[in-house]
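So that you can tell them apart, the chains are marked A, B, C and D in the order they are listed, and the count of residues begins at 1 in each.
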Amino acid sequence: MDTTLAHTWLRAVAAAVEQRQQELTELDAAIGDGDHGSNLHRGFTAVLPAIEGLGSAGEVLTKAGSTLISKVGGASGPLYGKAFRAMGSALTEGGDFGSALAAGLAAIEKLGGAAPGDKTIVDAWAPALAAFERTGSYADAAAAAEQGALDTVPLQARKGRASYLGPRSIGHQDPGATSTALILRALADSAPGPV
Amino acid sequence: MKKLINAPETVLADALAGFAAAHPELTVDQENRVITRSGRPATPKVALISGGGSGHEPLHGGFVGPGMLDAACPGEVFTSPVPDQLLAAAQAVHSGAGVVFVVKNYTGDVMNFELAAELAADEGIEVRTVLVNDDVAVEDSTWTAGRRGTGATVLVEKIAGALAERGADLDRVAALGDRVNAASRSFAIALTAATVPAAGKPGFDLPENEIEVGVGIHGEPGRRREPLRPAAELAAEVVDTILADHHLSAGDEVIALLNGLGGTPLIELYVLYGAVADRLAGQGIRIARNLVGNYVTSLDMAGFSLTLTKADPELLELWDAPVATPALRWS
Amino acid sequence: MKKLINAPETVLADALAGFAAAHPELTVDQENRVITRSGRPATPKVALISGGGSGHEPLHGGFVGPGMLDAACPGEVFTSPVPDQLLAAAQAVHSGAGVVFVVKNYTGDVMNFELAAELAADEGIEVRTVLVNDDVAVEDSTWTAGRRGTGATVLVEKIAGALAERGADLDRVAALGDRVNAASRSFAIALTAATVPAAGKPGFDLPENEIEVGVGIHGEPGRRREPLRPAAELAAEVVDTILADHHLSAGDEVIALLNGLGGTPLIELYVLYGAVADRLAGQGIRIARNLVGNYVTSLDMAGFSLTLTKADPELLELWDAPVATPALRWS
Amino acid sequence: MDTTLAHTWLRAVAAAVEQRQQELTELDAAIGDGDHGSNLHRGFTAVLPAIEGLGSAGEVLTKAGSTLISKVGGASGPLYGKAFRAMGSALTEGGDFGSALAAGLAAIEKLGGAAPGDKTIVDAWAPALAAFERTGSYADAAAAAEQGALDTVPLQARKGRASYLGPRSIGHQDPGATSTALILRALADSAPGPV
């Protein structure tokens, strides 16, 4: 991932969040507290000026992560914040985007303690990572994340606010998994062509 | 959505400005969104800091003052505060005796306070965390996020705050906070859902004549829906649900907090309280102290929560100790 | 209608039972529906008695206690108390120094208190009446029922109560009550109508996005309807409406009561309060003291009222005097 | 008016209030505070046991008035209470029903200070009195009260809670005038025939 793509990606995420804010909020209202859309909107709106002029993809993602931690709050703020910081560090340390995605997942799992099947961000991020590791394609990662988000519908939540609902969380798509799919779709849309 | 606000994005900033104007005895750092007592203590004292999403007023800002919190950090509506904010609060009020974070058990709150504790440690501030998880509507298992923190927060903040005021050290204050939490159980019923300003409509649709049993204070739907019943039956069910989980026996004393969720008239809370007192008396349990009113709200949600904290002489003595905050005040 | 009650007919009795359980420091005569302080004063003192329809809690029962009322008489929901009740209260609390009735200006309240005063006189109890009529939404003319009594009631009860506590005589206490009333003006805006339990549906229908400007605390419709606007604009309009009727000039000080009508979240009241403070500051008027919260409610009505009382050193000193009631408490 | 009629009348009032409680409350909700129906229901429900066994029409009406004062509250409690007490006294002092009706009106006017046209009880009571004085017929009194109640619709209230509405009180029928018509209709229905 080069610097330009990092910048383009985050601008695309911000635009997509702006556009789909209401949808994310509605998913969260159904099994959470109805703020996931506005949380991410506040966060990514703050990210854009914060990363302006930064000269490497690693720096861009790290700064984006710190900004999310400072601005979002809630569960998604620290989780996405730590994940972007971990991705940034991985790139800065010379890793490729696959290792960055893996570092992001590790950060999410370490902080949140969720496993696949718990109906969280992990359920979109883990299949995206697996797909990317297989094919090296952003588009495949995005498609896998989208499928992962859809696959959260029948799950009963075991982490996060939706877990309070017990069996009543079944039948709803997880907002966090949905926003992960949105983030990776923004990446696929930003990439000039196959990696 | 009908709300007395200027815009969903400015609710918190506008409310903080109003809070600052209404409570000149407190200091409001509007940039960092931190409410603190004015002035540092003469001798080092353990500082109590709490915070959480806005929309639960008077929690937490209304509990800042002598005898209770040293600082409160309001997040966006129903969204936990961010680590920077919590760090700024710790830096503003710590006086060398350490800091206790009072954290309601929600994934977001726990993570943000955890990150803040790391940042504070980097600055040489010692932090202990008291996790409040009193809501028996939620299954308590290691496989889930665990029980939510609700009404017991007020009791933890009041009682641990009184002990801190007397100069107890960090470990003792944190241990007492844990003890109050362990002695507390809560349960809530909603008649309507709250409307988050940014969402613009109620968090869930509840048909006329149905209630949400075991609801959360962020509008998290509850255990189940059922038809509305007379207040006395609802009160009895809430008492029984709590007692089923709580180790209380005849002869025990409790502190009872009958809390309005924001949209319920006080006269209805009194109707409920009478029934709660009756039901407890029937079990031989005496209410030694009580609060009836709006303390941990959920915006405009109609409904109530009941918190029962098993009392003992130490807790009662600290409960009775002077407190001077916007929302709790006695001497 | 969704309410936490047992039946519309038993709301008052049930709420009184709950009030009695919650406030063991007060005496509740459930048969006569009278709430009094426990114990007679050691030396004769002027007794302050108020009352009015229920549904406005904490008014008036929440203001019984040292430094404020001696007794409160709750009527049925939105219905003034009956003379028998008021007489029973006078008999219970008078100690030879006379009784002041604090009466909100509504036809029903005025007539029932008037009949009670006649009955009390027959029993040899001297009664003075302080009529509260602060609502500038209502035209003040001799051809109408005159202005309604609303938020100023809290200030009259607090300030005259403090003077009575110090042993002032009947004429002085009543005169001070009149003076506080004359120094006070209020105005209210509603977002929704209240639902009286016996009526079973809201008192008026307000389309989504419309507000009722100049509403009464019994759900009496207001001066006009208009579209909802940002809180800061509504606050400014309410301040301006009051100032247009009030003789306040730059440099004056006021006590401000920003009151929630029952269904409005506290965070919204703070948003409004910030705007009220700004608007007054723009006119050079200083808020010397304030209350922000639910004090004179209208069941579950969403909305607010603002009361501004012109302050002077005597009123401020009495306002600051100790008070120990369920709803107002400081020392 | 004999003792039996007094008893029958008050039972008929109680039954009519029971039946039309909702209507009275709705009229009051429109321009008042929505309690007129429940106020009168509470009052007349208490009147029936209170008058049981009383042996003269004067005593019956006086006791009914005292009970209304003790039980109703609001504006209508003292007004109807004083009116029934005044009617009872007039009968006890040997007056006929016309003088009783007149005494009732005087009591209402003295306590409430309302004049005809103020959109109150007076606007039904005064025409009823005039009609009764003309014809001596309960039915005529009831009809006049009903017409009086209807005639309050275009009036702007100058007394009571409806006065707060100013011009917005126009177009609604006054609840108190309506209950006065109900009370007099109950009397006409209770009377065995022309007086």
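Everything below uses one rule, namely that a contact is a pair of C-beta atoms (placed from the backbone, for glycine too) under 8 Å apart; a residue touches a chain by one contact, two chains touch by 3 or more.
None of these values were measured; they are calculated from a predicted model.
Averaging Cα coordinates per chain places subunit A and subunit D 72 Å apart. We define each chain's centre as the mean of its Cα atoms; on that basis subunit C and subunit D are separated by 31 Å. The centroid of the Cα atoms in subunit B and the matching centroid in subunit C are 29 Å apart. For subunit B, the set of residues that touch two or more other chains comprises 77. The set of subunit D residues that touch two or more partner chains is empty.
Viewed as a network of touching protein chains, the structure reduces to a simple linear path.
Every pair of chains that touch is listed here: A-B, B-C, C-D. Remark: subunit B residues 2-7, 11, 14-22, 54-55, 57-58, 62, 77, 191-192, 208-209, 211, 228, 230-232, 234, 258, 262-275, 277, 287, 290, 292, 294, 297, 299-300, 302-304, 329-331 touch subunit C in the complex.
Residues 25-26, 29-35, 37-39, 42, 69-79, 111-112, 158-161, 163-166, 168 of subunit A are the ones touching subunit B in the complex. Taken in their complex, subunit B has these residues touching subunit A: 8, 53, 75-84, 106-108, 111-112, 114-115, 137-139, 143-145, 148, 196, 198-199, 203-204, 216, 218-221, 223.
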